[in-house]
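Take a look at this one; I'll ask things after.
For clarity, chains are labelled A, B, C, D and E in written order, and residue numbers in each chain start from 1.
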Amino acid sequence: MNSSGLSLLSAHLPVAAAADGLLERLPLTLRDTFVQWFPAPTQWLLHHLISIVGILAIFGLFFAFTTVAERKLLGRLQNRLGPNRAGVPKFSFLPFHLKHKLFGLTQPFADAVKALTKEDIVPAAADKLLHFLAPVLVVAFSLLTFAVLPFGRNLIPVELDAALLYFFAAGSATELTIFMAGWASRNKYSLLSAMRALAQVISYELPLLLSVIPVVLVAGTLSTQEIVVAQGFWTFGLLPHWFIFTPWGAAGFLLFLVAALAESNRSPFDLPEAESELIAGHLTEYSGFKYALFFMAEYFGLTALSGLGVTLFLGGWQAPCAFLQFIPSYLWFMGKLVGMIVFFIWVRGTLLRLRIDQLTRLSWQFLVPLALINLGNAAFWALTGAWSGPLQIVRWAVSAALIVVPFVLMGRSLTRGQAPRTYRYAT
Amino acid sequence: MSLSASSLWLIPALPLLAAALTATLPRSRAGLAAAIAIGALALSFLLSCGALVTALAAPGEHLYSNFIWFDLGLGTVRLGWLLDPLTALMCTMVTFVGTLIFIFSSAYMHDDDRAKQFFCFLSLFAAAMLGLLVANSLLLLFICWELVGLASYLLIGFWFHKPSVAAAAKKAFITTRIGDIGFLLGLLWLNDATGSLLFYDGGKGVLETGALSALAAQTTFGGLAVSTAIGLLLFCGAIGKSGQFPLHVWLPDAMEGPTPVSALIHAATMVAAGVFLIARIFPLMEADKLLAAVPVHALSVVATIGAITALLGAFIAIAQNDLKRILAFSTVSQLGYMMLALGVGAPSAAIFHLLTHAFFKALLFLGAGSVIHAAHHEQDIRQLGGLSAKMKLTFATFAIGTMALVGVPLFFSGFWSKEAILHAAHGWQVSHFPFYAALLGVVLTAFYNTRLISEVFFGHGRSRSANHAHENSSVMTTPLVILAFFAIALGFLGAPAYPWIPAKLSGEAAVHGHSLFDGVGLMALSVVLVALGVGAGFALYGRKTRTSSTARDPLEQALPRVFAALAARLGFDELYTATVGRLNAALATFSDLLDRWVFDAVIRFLTRLGQFAGIVNRETDEDLLNGGFDATSQSLRSTGQAYSRAQSGDAHGYLRVIAAGFVLLLLAVLLGGVR
Amino acid sequence: MSLSPLQLCLLFSSALFCVGLIGALARSNTILVLLGVELMLNAANINFIAFWRYGPAPSPATGVLFVIFAIAVAAAEAAVGLALVIAVYRHRRSIQLQDANSLKG
Amino acid sequence: MITLTFIALVTLAAAAVAMSQRNLIHSALLLVASWAGIAGFYLWAGAEFVAFAQILVYVGAVSMVVLFAVLLTRRSHAELAIAPASVKRILAAIVAGGAVLGALFGAVLSTPLASAAAPPPAISVKALGAQLLGRHTASVLLIAVLLTVALLGAVVIASTNSKEDAP
Amino acid sequence: MLGSGIIKGLAVTAKNFVGSYHDPARMVTEQYPEERPKLPEAYRNFPFLVTENATDPMGTLRCVACQICEKECPPQCIYIEKSKDKKPDATGKPQLYPAVFAIDTSVCMSCQICVEVCPFDAIKMDQVFEVAATNRFTGLLLNREQLAKPNSYFHQIHPTDAHEVDTRLAAERKAAEEKAKAAAAAKAAAAAAKPATPAPATATPAAPKPAAQPPTPPTA
């Protein structure tokens, strides 16, 4: 079995960092301790299994709590309470009953039970096999993308040379499942919605990739771990050298955010499955646990894209200040991930859904040209890496101008002829 | 600041660029067009000042820069730029007056929706005029001369939707063309005789001694020296352009154009082109000076024509009622003075008068424009009146212009320039006719100008428009003030006390000519004459101003028949219609008949012949050639059909054949052991 | 008889090539014919990789580069081919390959 | 070897079934599986960049184009199940394909291939990029032009701007 | 500039988020089972039968089983059976009473016609809204006992209405008592005058004839 490029959970990273503390190595230590109990020939398998199970468990739970956090946050953003009822059920075998409702945090488990126990309705004319395969594959593909995210200094499931390419390859496979879902339903509206969803996802893949390429250009590698390492410097030990704190990086991050929103069908780009208009689009014919799987895959996709954004622009698992490195790197990663997701939820609670023409116009007339300009900007940045002293100021100014001026001009052309909307009956 | 001759082309190039730019602007950007035109000309003015500095540093010298325009195989056509005080002074004057007039126009044409084109034409005109001034080649001068004519045609006919305007533009163009035929003939003759058209070319130019003496030495028909003949032919062009008798008829009609055009073209610059031309080729004109055996000297003709024109214009001006026509005839008259001065051999006096005249006549025209603009395009002096109170600034400047024109002594430029001419005429030995004509002209000028002032500014308004007139904006009055200043100040440049112009122009020492007291008697005489004219005018018009617009003119009451004849401009137009016009019509009829009956018949015969040949050709072709080709094509087609069966249109079939071929090839390789 | 890995790869690629060939020959649907051709192209790519992996490589990247270029060309071919299919379908209302025969002799 | 055999069998099976399916969509999806299998082969052979490129291009892009083309060239659901080709053509195809297969197998098995048990050539993505933009810049540019032209051509061919083309 | 609107919108929602934790005025949600909605007095839903006394509901029903409501009910969801005997009402007068009084609330449409036609103010609108049952056929068929609610409850839910009804009933009773007293006095006088002759009309004024009078609308 040849696995030259696949080194698993490598603890031998070229990271010239502070000596890993106990906490930093805790996950590895735990795993190694566990694996020691088993006979040697099975240890490699356990290595893999533990990684897989760990991702499944952590991100499964993460998904569960993301849903409840999303609902609670959306409620708060709209002056509502959000779910706060689901507490602990009364178990007869326990001598006591915890009456606290735990702020509704057990809601996802209730939802899971509900989804699992719901009737699984398959349309009579549906392509049964594909109808079944679609939700399974979508979860599988979206989980695959987690394999190359560096969760911590020593925590990366698979360290690949072409990790970013892998990420997008695995991500592009999910498009197929959208089509499968729409087609297998034997419902012309599902099919049409699937095509719409595909059109959106495919057309936003371009700005997404183009927003990522500057990072590859400057970091000079496709490996996610190395990209993170490339951001692990600080000025005066306080100002992190994350890519978001450069002009091209800030622009790339913004583009990445918008494209990621569209790519993961999140509001305000959630028109493929706009519940209020399309009754969930290509998922119309899905119910029960299959629907929950799609739901899950969507959140996995969102989490993965957020993780990628954190990795590429927000310094990955790097601490924001040098002296804060005593906190384990995976905690930093998770913190940033949570921040990204909260931001996505915040956006969802704020912005209105776009029309399809606005969506495509935004992509082709704004994001793609801006991303191309930003690519040139990053090239400038990479070429002027040797500039120092006062030239450094020039470098920053030119780079900032290179992105701000096109942004303002193209923004103006994009919104030309559009007055702020006025409402008759609202203020 | 100075400018060399080789970069002199910048002066005309800037307005040309402005013309090109404004031509491409959209019609709505009139303001921008005006700004471009004004800016370009102002820049030209600055360059001209530089050129002036250069030229004044070397008085009497002719700096030039020649270049090859194109190669003709046998010889080259060369053009060039010439920088001497004459050019520099004229350029400075044209650009300065032009800039002021452009500024004036931007207000005057503000409401016209074709104002952008107007500025395009104006810039074109300025470019052509400046090109004419800086030319060191008669050919280049002629090209610019014709361009000036074109621009003038476009500008006169700017409001072409009015039939009278279109007719006036046509008249101006055709009349000047008549003179230009002479110019062209003279030019060709000159080229034939000397082999060059460059003015100065290091001894080989036509205005240099070698060529001149050669020209003067030859004689042609009637015993005329060649130089005389060529000079007179070239003078024809000047007659047409400068509105000299007998081709003066177009100039008054050209007043149909917008007033700034009248000011720029028909007072200050274009009409002066004729004078400039004669001044430029003055060496050629006076080449026959020393020949005694010739029937006529070129300059004598010039002087006579000038004198006649001066008198004629002044006379006709007396009886005109249109404000601008009066000024136009006054221009004709003054141009006559300049020609007279040239004729009597005083080019410096002529140029001095040209300069002062440019300023005060531009001032008068712009003043007239101001009046007309204020009075809602009322030009009839009988309808105006009483404007002195309403338009104080315009009146003041107009009065300064008038006094300069009349030659009110001492303080006005016109006095000094006219005095120079009178002095020169007095000193001319050939004939005293020009001198007396000039003296009479002085009286007449004073008279009709007094009439003009009285009718327009004194008394009370005789129409609604005159009563409602009010002072114009500062954009229009500021040029007036500036011009008025120069109308006074310029006098001191050439005043006898400081004979600056002649000195600089000819390069001779300042001791030459008369001093202040040299011609004091003549001066006194002219003062008396001016007083006489003004007094007569005041007696007739000033004492008792006109009461109504329909009242008969006092002069008309006194001398009705003379007045009527003068008012009809002595019948020149009618005369030309009756003679030239009829001849032209007869010739046209003859040409028509010739074309219709002779040429047409020949052409028809040729057509028939061609048709017949075609028919013969076709018959041969179809029967003989096509048969053979058809047979060949048929056989080719059947071969192709046979081959095309293989093209079954079945892609699978092709693929199968490929697969079979592949297998065969592979088998051949494997079994045949080919490595 | 034992096969070397290289031979196995080559057999794999030849089999895939023939599957594509049979598909292209047997099916009348133009899209499927195109897909068969794609399979044949992929089979060729497999050979490149196989020889890159086991063959005497003059340059360590040649096979990989070949495949990368071949994939790009194949993508272009697929796009144009399918666009052609759609255009033909618009004219003839059919995607049967044998119906697109108006150029036959 | 086992892995390779497994990958080859899966890929071949997917391709063969795809080619014999009556349902076009199933054919296309099975082909996607086959392409994924080929990507697996590349991964097995150690060419991970190519493997991911294969997935990105074939599974992500070409499959989409194929599916869109399938859906755009049908009038009803029933038409997806295309009529079986004539038996004659199938036979001819199998004969031709079999002949080619036989010839190829024969060629492969009869050739003494020097299968060196050399270590797998390692090539990093960075080295690959350097090669692509170093020695092979011209090829990359050509491919870029080709892709652009193909994209534009595909758009032009497939667009319905002229009235004549409209169904 | 592009994006300023988005930032403004994000600021608005962020303010909402922060405000929702310390500004109770923003939160309009009621935690329902724990926090009961405060119903407006005019809220009416489903009829109930008024009893005078909470301790003996069946004994003090105002209803006299006149069956007007049953006849008037548009969806015909009221079912009444008259009693065979009579019981004294609040004024002590013997009256019929409903032996069966049932309303099918799954049919009732809360139109309030029964209330309006009742001459005895015996049926009034309730404010219940949590009506749910596990039995589709009988769960919502309310019988006499379930329908009966004391007058004090009526006061509690519709105070204005109840007060008006009570005042009117008290006035009517007072009038009736006074009339009875006057009649008794007259009778006594008459008896004093002609003790031997019993007046045939004495019974009539003592008992007011409700049917003869136009019924007063309870809310008038």
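The rule is simple: contacts are C-beta pairs under 8 Å (C-beta built on N, C-alpha and C of every residue); 3 or more make two chains touch, one makes a residue touch a chain.
Keep in mind the model is a prediction, meaning the values are calculated, not measured.
Looking at the partners of chain D and chain E together, the chains they share are A. Think of each touching pair as a link: the shortest run of links from chain A to chain C has 2 of them. Comparing chain pairs B-C and A-D, the larger number of C-beta contacts belongs to A-D. Of all chains displayed, A has the C-alpha centre closest to the centre of the whole protein C-alpha set. Of all chains, the one whose Cα centroid sits at the greatest distance from that of chain B is E.
Averaged C-alpha coordinates put the centre of chain A at 79 Å from the centre of chain B. Averaging C-alpha coordinates per chain places the centre of chain A 61 Å away from that of chain E.
Each chain gets one centre point, the mean of its Cα atoms, and the points for chain C and chain D are 6 Å apart. Among the residues of chain C, those touching two or more other chains are numbered 21, 25, 28. Working note: touching chain pairs come out as A-D, A-E, B-C, B-D, C-D. Interface residues of chain B, counted against chain C in their complex, comprise 641, 643-652, 655-656, 659.
Per the touch definition, chain D reaches chain A in the complex via residues 3, 25, 29, 32, 44, 46, 48-49, 52-53, 55-56, 59-61, 63-64, 67-68, 71, 77, 120, 122, 124-126. Against chain A, the residues of chain E that register as touching in their complex are 1-3, 5-6, 9-10, 12-14, 16-17, 19-21, 26-29, 31.
By the touch criterion stated above, chain C contacts chain D in their complex at residues 4-12, 14-23, 25-29, 31-32, 35-36, 38-39, 42, 45-46, 49-50, 52-54, 56-57, 60-61, 63-65, 67-69, 71-80, 82-87, 89-91, 93, 95.
On chain D, the positions that touch chain B within their shared complex are 89, 92-93, 96-97, 99-100, 103-104, 106-107, 110.
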